[in-house]
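Each of the next two complexes has subunit A plus one other chain: subunit B in the first, subunit C in the second.
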Partner chain A sequence: MALSAAEAGLVACQSCGLLSRSPGEQLSRCPRCGAGLASRQRYSIQRTWALAIAAAICYVPANLLPVLTTQTLASSRSDTILSGVAVLYTSGSWPLALIVLVASVMIPLGKLAALAYLLLSVRLGSANGARDRTRLYRMIELIGRWSMLDVFVVTFVVALIQFQPLMASQPGPGLPFFAAVVILTMLATTSFDPRLIWDAAHD
Partner chain B sequence: MTDQSDLRHLPEAIAVPRQRARVSAVWIIPILAALVALGIVIHRVWSEGPTITILFDAAQGIEAGKTFVKYKDVKIGQVTAVQLSEEPGKVEVTARIARSAAGLLVEDAQFWVVRPRIGLSEISGLATLLSGNYIGFEAGTSRNERRSFTGLEVPRIVSANAPGREFLLKARDVRWSSAGAPVYYRRVPVGQVVAYDLAPDGKAVDIKLFINAPYDKYVSSETRFWDVSGLDISVDTSGVELRSTSLEALIGGGVAFDTPAYADPPAPAVDGTPFTLYRDRTTAMRHPDAVATPYVLHFDESLQGLSVGAPVTFLGIPAGEVTEVGLSYDAATLDVRPRVAIILYADRLLEKFPSNLKKGRAVVQRLVEKRGLRAQLRSVNLLTGKRYVALDYFADAPRARLDLRREPLELPVVVSTMPDLEAKLASLLAKLDRLPLESIGADLKNALETLDQTMKNVDKTLPGVQTTLEEARRAIASVDRLATNADTTLIGPNAPAQQELRDALQEVTAAARALRVLADSIERHPESLIRGRLEKE
Partner chain C sequence: MTACPGCDLLQRLPTLPGGGRARCPRCGDTLAIEPGEGSLQRALALAAAAAIVFIIGNTTSLMGLSVVGRHASTTILGGAYELWLQGFQVTAALVALACVVAPAAYLSILLALLWMSTRSPVPKWGGRLMRHASFMLGWSMPEVMLLGILVALIKIAALATVVPGVGLYAMGVLVILLAAIKLTFDPRQIWQRLAWH
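Moving on, here comes the complex of A and B:
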């Protein structure tokens, strides 16, 4: 097994990539760019847990509260994400329903599950499948931002569909929660230090 | 293993002294998220009002999740479910009401479905054509909370909280087509008919009126209400009158009220005392006639055109009305006569008419026996054929006695002038009828035909006439010429004819002279005619 930088008392700057000697337990800064240095991201596990839990909390109202309220002359209706999926499905456009379901419901949930799995495996010092877990991590990092699509769609709809008094639409209270879920999971993903996966494999 | 000398070339990181926290500050985020989510849940639970059920006959236009409950046009709730009720034939609508309106859900709160209603007199709820039906709500005044209600099928017209008062009217019938008809005071709409229904005994119609504040103060115990529905066409002694309060009332009906000027100082109307709804203003505002004296009249002519309610005039002044028109049978004489019962309001005519019955009768007796007071049927006008009873003095009427023992008094009558007029008219018509109009017509027709024929002939001969005329003209011209010739031959001073004429005349003169001589000689010697002339006697 190759020598890790931490074992050699070295630390790499995450900003400029400069490798420098670590001054021990103390906090340190990069001698070239001045960015904070840490051999492993500090509180990575804690921070990821915190953000993931926050995201999980926000996930509930994000799916229960309506994200979009549309008013027409005759009626006014509020849709949650799931009811929107149902409407899309019943109106025949099941591919769209599938996309929304996957991007807005499954992916945030999957991300949270994946993060929990990674955190637990690091915690338990599992050495199995470290490579697969790293791949999983890269995938959730890549895929996370696409959930934001919903927020953008709603934003556009609200901005464009304003034909008072014939038709109007307003964002629902669920939307900020949904955005919070997406942002928090993204933050949680970045705050997770994938090097921790390998630390366990190293031991 | 590690090559220490290689690593020494690397720069050393700058140490930053800092105390280490055991717990990351990032935990604030989930706590914050949890607090916000909890806040929302608490808010939801807190603002969640009661769930109520309303029974309707039909759930027309009511949809779960789409129909709102509105109070004063503010959404206070939403229908969550519509299902058939356990009560047969009813629909149960479940609605969630906002917490802010929970206090309004009391025993006498009312619900009804607002849908477009287009009636003869009202068009309402048009907005619901676009917005969909909704459930209207009216808060009650009771303090007892309630969660299940029965919806009204007809929307409330007047808000329960509207300032004003409700009044009850009793009427024989109603002429308007729907509740909501306006109530007028001096032609100003001041209220509405809230509801009307048959009285429990079925013998009258109970009408509920709502008069808005501050106009309700004009209703006193002396106020009269009357119906202003449709057109009032009245035919009476003053002719034909046509009235309508407003176009709205003309179509949809209405009620008007006023307080007569002669009324006692008006006392405020007592709640719950029903007013009478009169037929029209005249009836309503009529003075309450204190003394109505009945009389009977036995006419000896047809009562055609006389109806109950027809006026009775006394010397031309309206003094009463006909109450009964019928026949009477006299068993003693086996006679059937028209009988008319009338009532007279003596106090309408005279303020000081004796109210004492006996004295009053004495007055009537004197009028009948000394002044010749008689009843007579008269015609309002010839066109309508309506008749009324007139009481007038007929000084030359045959004497009559008033039987004071009879009850009611029978007034003597005189034959109306109308039958004569009618008879004359009839005989005139009969004469007209007898005229041989047809044969006259036929003759006239023949004459005209002949004339026509002649004219045609003339037409044909006219060209001939023309040539004749031409010839005549020429002849005349010849005559003219002839005359001129004659002129010169005969008339001129040297005309040969004249010369000859003169000579001829001289000859004639000479001849005449000879004749005279002859005559003389014959006279002297008549014998000479026989013997001849004696030479030289």
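Moving on, here comes the complex of A and C:
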């Protein structure tokens, strides 16, 4: 008979893994590492929805507003995330264009879709494919950080291209929104508790 | 007894061969990596090397470029500082956290704990440190930064001549060392040596 720690009246610390007797509704801390103890993350579903929706809202200005402006004596151009990918593609480095496209567009969108799917499947009490859904969760946890890529690209282009008045570059207003999307999706992922998938499948 | 972090299933860990890995039979999450012979010493050596390379990578130039006789170069913090100067303070702080603060905190805590654990039981406050180390590891992104610098290099190469600096190679080595630590070191080795009762 498969028994979960919660059913046995135990709590596993999410930081160090130590099993403690469940404190019930009281707030308590892990005796070994001092992390807050909760059988399941508190308000996991609500928090994850809130952060994911906030990320989806920030995603719109992040893609519509420019993230980088470069001026030379002859010209000036502003690039959004997508037009930056297009520039990389036309300048002949299609593998890099593909990497940036995956990191900046597909990973954030894929993450939001995956989180919505996980949240809905828990809500509907789905029992199918719990193992695959846990894997999907671990995957978005692992690859989410890669969408920070474009923030770093802009940082280092701006740091180097400062030859006023010959050539200069500035970050665009889209950059903070894009960084917000990355941070909010990362926080949304950590506030989702994968054990809820198995609780829902068990009932 | 242990509870799976992925699905909360209670189970007993089997005895594993050195370098073996235990996975939850229900959800497939990794439960434990069994350390091989001398793994703490190896992790300590890797962490010390990573700390040295990290210091080199942060104090030397990442890349330099020249345009009609004028030269410019940047470090990692220099990049974040330029962003700050241009009025993007929050984004600059985030870049500094992900590239400098989080990896530095993670590496120094890991070094201290590994060094303590090779001699005596780790004191109780070591547990709190280990918890903060895991948190910092989540926000440290040197590998993403390295790829970002590479893309920036290609973008700039269209406008000027770029020369990669010592710092860039150091960051490359750092990424490899951090991956090696992740593969061989299991935080459970620290938790088991902790005197917390």
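Note that in this section the second predicted complex is superposed on the first by the 198 of 203 C-alpha atoms of A that agree within 3 Å, B and C clash if a C-alpha of one lies under 4 Å from a C-alpha of the other, contacts with A are read in each partner's own complex, and residues count from 1 in each chain.
Here, a contact is a pair of C-beta atoms (placed from the backbone, for glycine too) under 8 Å apart; a residue touches a chain by one contact, two chains touch by 3 or more.
Just so it is clear, the structure is predicted and the values come from calculations on it, not from any experiment.
S.K.: Quick one: is A:P31 in contact with subunit B, with subunit C, with both, or with neither? Answer first, second, both or neither.
M.R.: A:P31 contacts both subunit B and subunit C.
S.K.: Could you look at A:M148 and tell me whether it touches subunit B, subunit C, both or neither (first, second, both, neither)?
M.R.: Only subunit C is touched by A:M148; subunit B is not.
S.K.: When the two structures are overlaid on chain A, which partner does A:A86 contact: first (subunit B), second (subunit C), both, or neither?
M.R.: A:A86 sits against neither subunit B nor subunit C.
S.K.: Applying the document's definition of touching, compare subunit B and subunit C: which contacts more of subunit A?
M.R.: Greater contact footprint in residues on subunit A: C.
S.K.: Using the touch definition from the top, say if A:R131 reaches subunit B (first), subunit C (second), both or neither.
M.R.: After superposing on A, A:R131 lies in contact with subunit C but is clear of subunit B.
S.K.: By the touch definition at the top of the document, which applies to A:A50: first (subunit B), second (subunit C), both, or neither?
M.R.: A:A50 sits against subunit B, while subunit C stays out of touch.
S.K.: With the two structures laid over each other on chain A, which partner does A:I161 touch: subunit B (first), subunit C (second), both, or neither?
M.R.: Second partner only.
S.K.: Identify the partner contact of A:L175: answer first if only subunit B is touched, second if only subunit C is, both if each is, neither if none is.
M.R.: In the superposition, A:L175 touches subunit C alone.
S.K.: With both complexes superposed on chain A, which partner does A:L184 reach: first (subunit B), second (subunit C), both or neither?
M.R.: In the superposed model, A:L184 contacts subunit B only, not subunit C.
S.K.: Quick one: classify A:L98 as touching subunit B (first), subunit C (second), both or neither.
M.R.: The answer is neither, since A:L98 touches no partner chain.
S.K.: Residues of subunit A that sit at the subunit B interface in one complex and at the subunit C interface in the other, please.
M.R.: The answer is residues 3, 8, 10, 18-19, 31-32 of subunit A.
S.K.: Quick check: in the complex, which residue numbers of subunit A touch subunit C?
M.R.: Subunit A reaches subunit C through residues 2-6, 8, 10, 12, 14-19, 31-35, 70, 72, 87-88, 91, 93, 96, 99-100, 130-131, 134-135, 137-138, 145-146, 148-153, 155-163, 166-167, 170-171, 175-176, 179, 183, 190, 194-195, 197-199.
S.K.: Flag every residue of subunit C that touches subunit A in the complex, lowest number first.
M.R.: Subunit C residues touching subunit A: 1-3, 5-10, 26-29, 62-63, 65, 67-68, 70, 72-74, 78-80, 82-83, 86, 88, 90-91, 94-95, 98-99, 127-128, 130-131, 134, 138, 141, 144-145, 147-152, 154-156, 158-160, 162, 187-188, 191, 194, 196.
S.K.: Residue numbers of subunit B touching subunit A in their complex, please.
M.R.: 1-2, 7, 10-18, 23-24, 26-27, 29-30, 32-34, 37, 40, 65-66, 130-132
S.K.: Where on subunit A is subunit B touching in the complex?
M.R.: Answer in residue numbers: 3, 8-11, 18-24, 26-32, 36-37, 42-43, 46-47, 50-51, 53-55, 57-58, 60-61, 65, 73-75, 77, 173, 177, 180, 184, 191.
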